[in-house]
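You will see subunit A twice below: alongside subunit B first, and alongside subunit C after that.
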Partner chain A sequence: MRSRQTLAIVLNTFREAVRDRVLYNLIAFALILIASALLFGQISIGIQKTILLNVGLSAISIFGLLIAIFLGIGLVYKEMDKRSLYALLSKPIRRRQFIIGKFLGLNFTLLVNTALMSVGLWAALYYLMRRFEPQDLSVWVAIYFILLELSLVTALCLFFSCFATPVLSAVFTFMAYVIGNFAADIRAFGELTENNLLKGLTTVLYYLLPNFSDFNVSAWVSHGKPVAAEVVLLNTLYALCYDAILVAAAVWIFSRKDLK
Partner chain B sequence: MKPSKTGRSVWTLALVLACGWAILVPAQMALDRRLAPYRETPELLWIPSGNVLRSLSLGHNGLLADLYWTRVVQYFGARRLQRRTDFPLLAPLLDITVALDPQLLVAYKFGAIFLSAPSSYGAAEPQKAIALLRRGIQANPEEWRLWHDLGFIYYWDLKDYRAASEAYREGSRHPDAAPWMQVMAAVIEEKGGNRETSRFLWTEIHNSAEDETIRKNASMHLETLRALDDIEELERLAGRFRERAGRWPQSFQEMIAAGLLQGIPADPQKYPYQLQSDGRITLHPNSEVKLDYGPSPEAR
Partner chain C sequence: MAAIEISGLSKDYSLGFWRKRPFRALDRLSLKVERGEVFGFLGPNGAGKTTTLKLLTGLIFPTEGTATILGHPVGEPETFLRVGYLPENPYFYDYLTPQELLDYFAQFFPLSAEERQRRRDAVLDQVGLAEFRHRPLRKFSKGMLQRVGIAQAILHEPEIVLLDEPMSGLDPVGRHEVRELILQLKAAGKTVFFSTHILSDAEALCDRVAILNRGKLVGVGQLSESLQRQAACEAVLECASPEALSRLQPLAAKPPLVSGGQCRIEIPEKNIPQFLALCQSDGLRLISLNPVRLSLEDYFVEVLRGSDSERPASPSP
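Let's turn to the complex of A and B:
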């Protein structure tokens, strides 16, 4: 019963996202960008395929990030603004189901979008090479890592949107994404200092922040190099754990939120 | 019959567009000329550190490396077109490219060619090319071909045959290395620079290059080597004519009549060679075969 209710929220979130026109614009723009990589490769030497894969994977990642942030910030706020949340919660649905349903719904939307953009990328790759090679399979690993990254962004967005306005949620999420990409540098800076306190602090920050650079294997796979299975497993574990922590925190905040 | 109101308005619009276009195009051309000094960008790198750029790329370092590599190609090509012989940004741009993506083999391989080629063809900085390739070998120890590229620069540009032989030997130790790497190490160590070795190396580059520009470059060197062989042989035959007739031949026809040649000899670009009055052989003025780019004077 409970899972059916959550599933209904998941599907409803997906339907709402599909109705949002900005989504189509972003997908179309990403596909055009991927196609333009074919032309871009012509003015370089020896990297046509590499450039196509790098542009394609970056387009999937950047437009996925934009979709995750723009849709994520409205997940809770829109329902409150339209007052549909009150009608929903008057039914036998728990607040945690609402949050989990929204989180899974947006992830499902991102999965569908990423799949569409990936089809575009693979079509462009086939157009360029006229065949697929066994090492091209590593590109799927990079796409999977982008999805893990986007699920983290969604969780962050949902977490912030439980207590901040949409604009602030977008700013916080984007800042967390940027700082998360610098996590390794922050720790490296700390290690350069002689100060043990600073060193400890930067190390704590390193483990506290979402380490987005872990998911970056695009350059690696664009050269046809495989990604170790252990890395795939560890990244999956990392993303699931971080998602669980953030969603749990979002549930905790939302459950105590005064909705009057 | 009077033209309809809609028809008139379409014609009016077309006329306005055409007149506007006729003014806009020359205006833009004049602006392009006048604004040229304002649009000139200084030749400098705003962010000279590849590592900083890598951090700022937010995980899109692969894409940024591709952009920098394209910038390298455009920069090198543009300066060659302008017939400039200085390439101050080439090495820093390559450094940034490989810092962003250490697995971008094309940047090491072709970048080293751009850096090492003599000033009429490239930056004439073989030491920087060697540093770049050594960095590539460190980042990609499984790529034995980088040892071949390194050995080639020692051999062709620096004429350091001992270092070239060592590079080929080091590369030959790689389990996937082609068997000829070991042969090259031995041949270069024994004979130093000679035309046969050069021909083999350029043929190898020609056959393994995936890029048309590099293949053309290798073809150009192979043409040079063939022309050098031809000229050497033709001058030898002219000398034999002189031994028989007591004078230098004045035309190839005389040499053909003497049974020394089958026909008018032509260079690899199909232009006939020129016979000078002192028996020297030169290239046709229209020929683009280069003779001033050899491995070493003794090899000629």
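Let's turn to the complex of A and C:
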């Protein structure tokens, strides 16, 4: 019964997203960008495929990020603000089901969007090369890592949207994303300094914020290099643990919240 | 077992951004609603009616006190199997149609697919939205959204229906239909607890009412009793002489009204024996003597004024 209820929230979150026109605009932009990578490839000699994969994977990542933030920041706040939650939470469900359903619903939306954009990338790749090579399979790993990254962004948005306005949630999430992409650099900077306070601060930031740079293998796979299975496993565990912590924190906050 | 039992329920909010000030929205409310009753919850804006309903639905948490519905603590998901709730000025997912919305909500109850479909169709008929079932909710008027709200509240055939301002935004026909619906629920043995500003609705529908002012309960009971208790009698006399009228005047609540050869005079209940004796001794011809009920508006204002005068000055929000 509980899983059926949560599934209903998941599917309704997905339905809400697919009925939003902004989503289609973003997907269309991503596909246009992937198609334009074919043109960039034609003016570069011998590295057409590398250019296509680099631009294509970056487009999937950037537009996925935009969709995740755009939809994620309103996940909880919009329902509280418009009071659509009142009727929903007076049904026999627990608040945690609502949060988990919203999280899974947005992830499902991102999965479908990423799949659509990936089909565009593979079509462009086939148009360019007229065949697929065994090392192209690692492109799927890069796409999988983009999905893991987007699930982290969704969890961050969900967490922030439990207590902040959509604008603040977007700012917080974007800042966490940017800092998280430079997490390793920040830690290295901290190790160079003599200041203990700065060293401590950079270490805390390194461990506190998700390390998004670990998921970025686009440049690596666009040069036809494989990704080790160990990296796939560790990144998967890292993302799952981080998601679980953020969703649990969101549940904790939301379960104690007065819906005024 | 009472349908709803509220005991010493209070709710405090913090107001202000920098310097937080406490504000008590509900103050030690105790109330019992029996099963099968239509119970009206009256009070001016900011009295605490919506706060009470939100506490009963677990949307907000009490500062102190307890509330149970059918013996279960409020906020437990299992309680909502037997409770339906219409929020004030309801808003629903505007990208859905009424049919999709009800299908969505029905999935939260342990019902088979056929039963969900049957109930969805039945409530759409009941609230008069069957022909609009495929129209997106974003195109609905306030009154139509109110009907959707009522439909989702009674979708699972709950034993207790909590309605926050159910007549709000409805035209006279819509109000009449909602009244009929509440009466149908009562006839089906359901308990209806509703807040309203529209006193004539409360008078027409409620077995009992509670009046709330500034978060405090200031009156509770049967409306007919409350109105009767405050009443006087109106006497109609054949036109009396000015001398006789001047002798009657000290017994009257208001100055007598003389028109068409008749004299109408309002006598408080306690003065009636004296009044009758005076009529007899003066040989006045009494045509009729009927109890005058206070209007609910008069009663409401009287109770609120009474509660305001008893209350020490308190900071307003």
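Convention: the second predicted complex is superposed on the first by the 254 of 260 C-alpha atoms of A that agree within 3 Å, B and C clash if a C-alpha of one lies under 4 Å from a C-alpha of the other, contacts with A are read in each partner's own complex, and residues count from 1 in each chain.
Note that in this section a contact is a pair of C-beta atoms (placed from the backbone, for glycine too) under 8 Å apart; a residue touches a chain by one contact, two chains touch by 3 or more.
In this text, all values refer to a predicted model and were calculated from it rather than measured experimentally.
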{"item": "When subunit B and subunit C are modelled together on subunit A, clash or fit", "value": "fit"}
{"item": "Partner chain in contact with A:218 - subunit B first, subunit C second, else both or neither", "value": "first"}
{"item": "Partner chain(s) touched by A:4 [first = subunit B, second = subunit C, both, neither]", "value": "second"}
{"item": "Vertex subunit A, arms to subunit B and subunit C (CA centres, degrees, nearest 10)", "value": "150"}
{"item": "Subunit B versus subunit C as contact partner of A:61, first or second or both or neither", "value": "first"}
{"item": "First, second, both or neither for A:86, with subunit B first and subunit C second", "value": "second"}
{"item": "Which of subunit B and subunit C A:170 touches, first, second, both or neither", "value": "neither"}
{"item": "Contacts of A:15 with subunit B and subunit C, given as first, second, both or neither", "value": "second"}
{"item": "First (subunit B), second (subunit C), both or neither touched by A:40", "value": "first"}
{"item": "Touching partner for A:139 - first (subunit B), second (subunit C), both, neither", "value": "neither"}
{"item": "Least C-alpha distance (whole Å) that remains between subunit C and subunit B when both complexes are overlaid", "value": "35"}
{"item": "Residues of subunit A at both interfaces, subunit B in one complex, subunit C in the other", "value": "none"}
{"item": "Interface residues, subunit A side, partner subunit B - complex", "value": "40, 43-47, 50-51, 53-55, 57-58, 61-62, 177-178, 181-182, 185, 212-213, 215-216, 218-220, 222-223, 225"}
{"item": "Residues of subunit C defined as touching subunit A within the complex", "value": "13, 54, 57-61, 77-81, 83-87, 89-93, 95-96, 104-105, 107-110, 149, 152-153"}
{"item": "Residues of subunit A touching subunit C in the complex", "value": "1, 4-5, 8, 12, 15-16, 19-20, 82-94, 256, 258-260"}
{"item": "Touch list for subunit B against partner subunit A, complex", "value": "55, 58-63, 65-66, 69-70, 73-74, 100-101, 103-106, 109-110, 210-211, 213-214"}
